[in-house]
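One structure is given here, and the rest of the page talks about it.
Chain naming follows the written order as A, B, C and D, and within any one chain the residues start at number 1.
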Amino acid sequence: MEVGFIGLGAMGAGIAANLVRGGHRVKVWNRSPAPMDALAGQGATKAASPAEAAQAEILISMLADDAAVRQTILDGGVLRAPSPGVVHVNMATVSVETARDLARLHAEAGVGYVAAPVLGRPDVAAAGKLNILTAGPPDLIARVQPLLELMGSRIWRFGDRAEQANAAKLAANFMIASAIEAMAEAATLAEGHEVPTAAFLDMVTSTLFAAPVYKIYGEAIAQRRFEPPGFKLTLGLKDVRLALEAADRTHVPMPFASVLKDNFLDAVANGDGGRDWAALANVAARRAGRR
Amino acid sequence: MEVGFIGLGAMGAGIAANLVRGGHRVKVWNRSPAPMDALAGQGATKAASPAEAAQAEILISMLADDAAVRQTILDGGVLRAPSPGVVHVNMATVSVETARDLARLHAEAGVGYVAAPVLGRPDVAAAGKLNILTAGPPDLIARVQPLLELMGSRIWRFGDRAEQANAAKLAANFMIASAIEAMAEAATLAEGHEVPTAAFLDMVTSTLFAAPVYKIYGEAIAQRRFEPPGFKLTLGLKDVRLALEAADRTHVPMPFASVLKDNFLDAVANGDGGRDWAALANVAARRAGRR
Amino acid sequence: MEVGFIGLGAMGAGIAANLVRGGHRVKVWNRSPAPMDALAGQGATKAASPAEAAQAEILISMLADDAAVRQTILDGGVLRAPSPGVVHVNMATVSVETARDLARLHAEAGVGYVAAPVLGRPDVAAAGKLNILTAGPPDLIARVQPLLELMGSRIWRFGDRAEQANAAKLAANFMIASAIEAMAEAATLAEGHEVPTAAFLDMVTSTLFAAPVYKIYGEAIAQRRFEPPGFKLTLGLKDVRLALEAADRTHVPMPFASVLKDNFLDAVANGDGGRDWAALANVAARRAGRR
Amino acid sequence: MEVGFIGLGAMGAGIAANLVRGGHRVKVWNRSPAPMDALAGQGATKAASPAEAAQAEILISMLADDAAVRQTILDGGVLRAPSPGVVHVNMATVSVETARDLARLHAEAGVGYVAAPVLGRPDVAAAGKLNILTAGPPDLIARVQPLLELMGSRIWRFGDRAEQANAAKLAANFMIASAIEAMAEAATLAEGHEVPTAAFLDMVTSTLFAAPVYKIYGEAIAQRRFEPPGFKLTLGLKDVRLALEAADRTHVPMPFASVLKDNFLDAVANGDGGRDWAALANVAARRAGRR
């Protein structure tokens, strides 16, 4: 298929490479040129603008946040003179509100719109083993399914309205942040009784909580190793904010998410904003008088 | 070895049976007689009192809570005329304060004391596959190690003072309650955007959170199936209270635990105290105006 | 002075009448015509549009929220062809972000801008006894001071940037909501031990808490009288949201405000959104199993 | 009347002096002798033990906390050989649980029991202007009423069971702590936008919150003056703990109280335990990255 691909960050570059390897004609665009050159070296072609990348059967974008999506897609002219029948697959973690706006604006412009945020870090993206959370009109998802299968090991569906996938993604990220906070509080409690954090976290993450999220972040907390960031704490704060906003819209109280937001703010105010979001654990330690 | 065993509830009965099968001479005592008869049928002998059960090389107890331990062990005369060299292995989830008191009282009576609370439900206990969290004098733990290995697949050590194992156990239970709450809030958020709870929880518990705790409680929440209780909500409330008390003693703020206690109280006040502690999820739903 | 006045709701009507009585030539505009007729009966003249009202020495607006301000002032053309030297006094409780935007847009249009949100209900406004919280360029505040003194018994200054008055106002409203919540929780605790809510609240609001806010809301809570609303609960939710946003911008955790937002959402989800914000007390009662 | 008086701390000394001045025969006891000598100089007599002080028509005690009450009254033999018809008026702020235990133990010993905790600092006690919160059998309260009127400007009744006055007192103290926290958060929010704390707190405590509690603690916060302590932060923590326990007993969630406990623990862990409880405000400042 003719595929346009916008956004070649750590995640996007790996995903786009998989599409090239899968035999698709991929036209890439990125704000900075270096990643485009790298993809060109693997067989992609370069687009001169987001709008040119969108001249395709399918347009995929993997951008950082709401602002980047609005700027690149809307201001970038993607919806101005679309190819007939093009479908845009937006893989960014955006707010429910932006998802809703985008769905409406795409519909007005006659462009198909599917939300497909993902679970997985860059190495998982490069291996084509992401979990992809989709929502949108079923016929459109069916059309892009072959591409999704090159990117992910499992494709999940959450409804006919694009924003539903974003709500699910924000809820999942909230759960990760909750797991970090729960480990941080538990370890601080245990440490207060001279149970070493590493011993405690090794036990829980080998038994009841033997899941990837707990193992990865448990080890970071045990070793107080928060750099380089796999996912920056300020991005974690952003996603918790978006989860709270999505909940607020339908009047859902989320007391854990409220604690998380306060703790993320505390972390940023005290200098941990640029570290990995596992550094949330510093808040519990600092509040207990340990540094 | 000569083993006394006190407390033949759902957990204790399975554990004691494993010791009998392991070739030990086990003398059992239980407040109600039926479980004693059952164990006698498997080869144990019956003791007339806790104190008689304690006439052994090793005394193991598996009782419900602080009050049961104080009543059965202290009021039951176990420390009054102990066998020389006896070691008491207390497997109950008790408070850090009670653990400290018991260690002191045992030392005064010349009785060895080891804390060995466990992770695992009755079926795991019966299969001898518990995770056993131990703390106490290393030489005493070494002496009881062969028995522990009949009961559990893995024996963890958390320090020389008995209370340390209890702190670790309370911290672990706090993490389970946090996982339930996080799933409940996340599912309520998702549901607010018409993402079905079952679909959302299936996704997260198959991917990032593919751990036993999440699978068990995720399914209960998805199906709103909270009866019969595997672990009663009022017991969950008790353990969160004990975690908060253990944290308070060393001035550790635990905002997630505070939210949990408020929500468990809400659950009890609104009639869910006798259900499984996964019914904590009813609180999030009710507060969002859904029942 | 020539004064334009936009927004003749319960608050604005009383304020504008005071300016008329003070001898100023007041030109009023309101979205619905009836309040304009009423003011005209008292000596004001009617403007055909917000932009026409703005043809004055001083423009005062008292609108409901950010959206109303943006729509009426910006979309209403107030900044398009301003009178030379006109100063706009914005008395609405708007977000810090909107305040900042408005200050910038007014500066670009060559219009002076002063923020002057108030404390006080409609009867206080009608009596000219408001507390007025101002911020903006000192020379502009000095120019409008004579008008402010007709509206309020005390004029407070919080800085040179308009948004500072809005931050102070949001912080004050947060404190009122906190007082309501504190009374609600305290009364529910006391009632759990069969201390009647009315007796308890009468005591605290006659002694330590003998302040207007406590007396007014304490009586509403004691009598469970939440209708008609003096200030709607949904507006309280809005203001707590704005307080949290203002705090978030400078990384200030506000755990009480977070609890308040969750409880306001709970109240709205359970049907109390249209009642007075003292109905926040229903949340504490409901969560304790009392209705 | 023959009055025994136990506990001559900052509060008790002033109260006892008022009884002496009121013409009563007062026999005092205190753990350390100096305050007894001082009272003797004003006309009281000295008792050799708590039990001797209790040989009177009325016994009044004003002790620090649950432990002091249990030790002095129970271990001190007050209930062992009581004067016929003696009534014990306990003015301490104790837990609901201790209040219940004491009422039962007094009844068993044939001693009347009235709870009468107070609102007011030492200078108010010395002036005989306390607010006295009473509960207990009405006939007993009637008997001690003349004494209460020498100590307080207003006597409040909260029920027939002593513990009810203690529940009301704990609820009132919780409200004070909430007022401190609300001011701290509001001031930190305002300060984030460069509104000086002193200016903001001056405004709110002169207007909506013109109540003693807000004025006293608002000034302490504005000036960051937390020493010498009027009421130590560790005592504030203790009272919030007791409020939470009293609420827990009847399954009342108190999310504000939970935040307060976490923040008090944070304050103690970070070195403010010995300062005035207004130093709770340091927590909000520290968490916002300001010290």
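The rule we apply is simple: a residue touches a chain if its C-beta (ideal position, glycine included) is under 8 Å from a C-beta of that chain, and two chains touch if they have at least 3 such contacts.
None of these values were measured; they are calculated from a predicted model.
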Fewest touching-chain hops separating subunit B from subunit D: 1
Identity of the chain that, by mean CA position, is farthest from subunit A: D
Cα-centroid distance, subunit A relative to subunit B, in whole angstrom: 38
Mean-CA-position distance for subunit C and subunit B (Å): 53
Multi-partner residues of subunit A (each touching 2 or more other chains): 247, 251-255, 259, 262-263, 265-266, 269, 287-289
Partner subunit C, residues of subunit A touching it in the complex: 241, 247-248, 251-255, 258-259, 261-263, 265-266, 268-269
Complex contacts: residues of subunit A adjacent to subunit B: 96, 119, 131, 133, 154, 156-159, 161, 163-164, 167-168, 170-172, 174-176, 178-179, 181-183, 185-190, 192-195, 199-200, 203-204, 206-214, 243, 246-247, 249-257, 259, 262-263, 284, 287-289
Contact set on subunit C toward subunit B in their complex: 255, 262, 265-266, 269-271, 287-289
